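To start, the structure under review is shown below, and the notes come after it.
The chains carry the letters A, B, C and D, assigned in the order they are written, with residues numbered from 1 in each.
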Amino acid sequence: MINDTVYLRKVFYYETDRMGIVHHSNYIRWMEEARLEHMRQNGVDYAEIEEAGILMPVTSCECEYKSSAKFGDTVEVTARLTAFNGVRAEYEYSIRLSGNERLLATGHSGHCFIDEVKRTPLNLKRRMPDMSAAITRLLPTEPA
Amino acid sequence: MINDTVYLRKVFYYETDRMGIVHHSNYIRWMEEARLEHMRQNGVDYAEIEEAGILMPVTSCECEYKSSAKFGDTVEVTARLTAFNGVRAEYEYSIRLSGNERLLATGHSGHCFIDEVKRTPLNLKRRMPDMSAAITRLLPTEPA
Amino acid sequence: MINDTVYLRKVFYYETDRMGIVHHSNYIRWMEEARLEHMRQNGVDYAEIEEAGILMPVTSCECEYKSSAKFGDTVEVTARLTAFNGVRAEYEYSIRLSGNERLLATGHSGHCFIDEVKRTPLNLKRRMPDMSAAITRLLPTEPA
Amino acid sequence: MINDTVYLRKVFYYETDRMGIVHHSNYIRWMEEARLEHMRQNGVDYAEIEEAGILMPVTSCECEYKSSAKFGDTVEVTARLTAFNGVRAEYEYSIRLSGNERLLATGHSGHCFIDEVKRTPLNLKRRMPDMSAAITRLLPTEPA
């Protein structure tokens, strides 16, 4: 398992705004795309989590913009799990132009797990122990 | 009951693209906003339809663009029910700048009704006769 | 050159709505993604057209929905140029689940070319003859 | 002039996702809507800023989600300018259901000003002194 997922993505025309650059809200969406790809690549299929009646809503998100992406660019979103305790999960992101070291943006998201029907928080360790163990194995054993 | 609903809506910055005008896909979304407002104003609450376990998906949509809207504009979307037989519904739309006769766009959408759980078509006349009658009363008695 | 471009695309979570399926407006966006990929694969780089001060706005779009895509699906959007005369272009689309013959949707879009500054129609044959010839070569010589 | 703008907004159907609630990325868009309404209500017309060749991109954004909005809700987004020095501006937001004290979310955004053509930072105090003074007057004289 590899915690750092590098997700490549062409910029879509409709993601730009009249400034001629990608609208900032789309970076939040790209982070979601990269996070779900990160889960998939590590055997943590989010569709499977939802089929088990569990949702993983976003409790916080944050993005710092350093430069801008435009139509024609391919962006590279790196997603990394930074915390998980069964009840909460945290991810970090960095966004670059493909093949370019310079950062476009960095970001963060926080998540919890809730029961789809009751809409109350739950502990993934109890509800899906195997899935939970798979997620835990992604965490660095030493502080990053 | 008034079949023609005039729905006013400011253009949002994030709806523009790098052409400096509203991206064409957003007109499809404005039509949905106007259609739901049309339903609400006529006592046909779509949230209530969904609470009854019924979905009303779009089976077709179409838009002709004659001019463009930009940030700072307020658009006026007129929605009108043109057909309804319990199984299918059709709406027509015209979009103008507020207070301006000239058309920005015209559009059309088609809809059916399905059971949320079974995902099979249903007849609203049988499942929600009062709602169905309220919708039917909106139709012109003579062909438009 | 190959007129039929098959464009593969994972469904993003944020493209779904509370019906649990992809919101219909996103099919219009997928058609744009496929059209731009079609242009790119045929040496017609849309970013290059815009750099020449030419925009290619959508004058009409249309979609017929036969079935629905959901999160976890990969869709296959086929784009084909069906008409081009220097002043107007038309494309047709079909959308399927990847590896599945059954149609999710079919669509159509119409386009013109305008001068970015003057915002008036132009003839691509005069302004970009090589680009125009490249587009023309994509058209079937016999009626499809 | 009133620094706190309360912006009312119905939730659109297409803003929900398959969790049945509004997708988190849309809160970032609502903040933009409220910020532009805040500017407009205080005589700071953003369209006018852009007509002067000045863009005001987002340099950071952040949102904490405490509860969720769903289709049928009307949300109330309060926007407040918290910092402005000609070069940078900062806004804070709180989001509630209309007529309900309980918070759905709180947020923050940071902005700079750039020259549309050169794409380099600029000082609004020098380029648009009246506009800059109007913005400055919105700030609390005592630290909030």
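In this text, a contact is a pair of C-beta atoms (placed from the backbone, for glycine too) under 8 Å apart; a residue touches a chain by one contact, two chains touch by 3 or more.
These numbers come from a predicted model, not from an experiment.
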| item | value |
| --- | --- |
| B-C or C-D - the one linked by more C-beta pairs in contact | B-C |
| Farthest chain relative to chain B (centres taken as mean CA coordinates) | A |
| Chain centre separation in whole Å, for chain D relative to chain B (CA means) | 29 |
| Between chain B and chain C, centroid-to-centroid distance (C-alpha), Å | 25 |
| Whole-Å gap between the CA centroids of chain C and chain D | 34 |
| Residue list for chain D, restricted to those that touch at least two other chains | 13-14, 18-19, 21, 25, 29, 32, 50, 71 |
| Of all residues in chain D, those that touch chain B in their complex | 12-14, 29, 32-33, 36, 46-47, 50, 71-72 |
| Parts of chain C lying in touch with chain D, wherever the complex brings them together | 13-14, 16-21, 23, 25, 70-71 |
| Residues on chain A engaged by chain D in the complex (per definition of touch) | 18-19, 21, 24-26, 28-29, 32, 50, 55, 57-65, 68 |
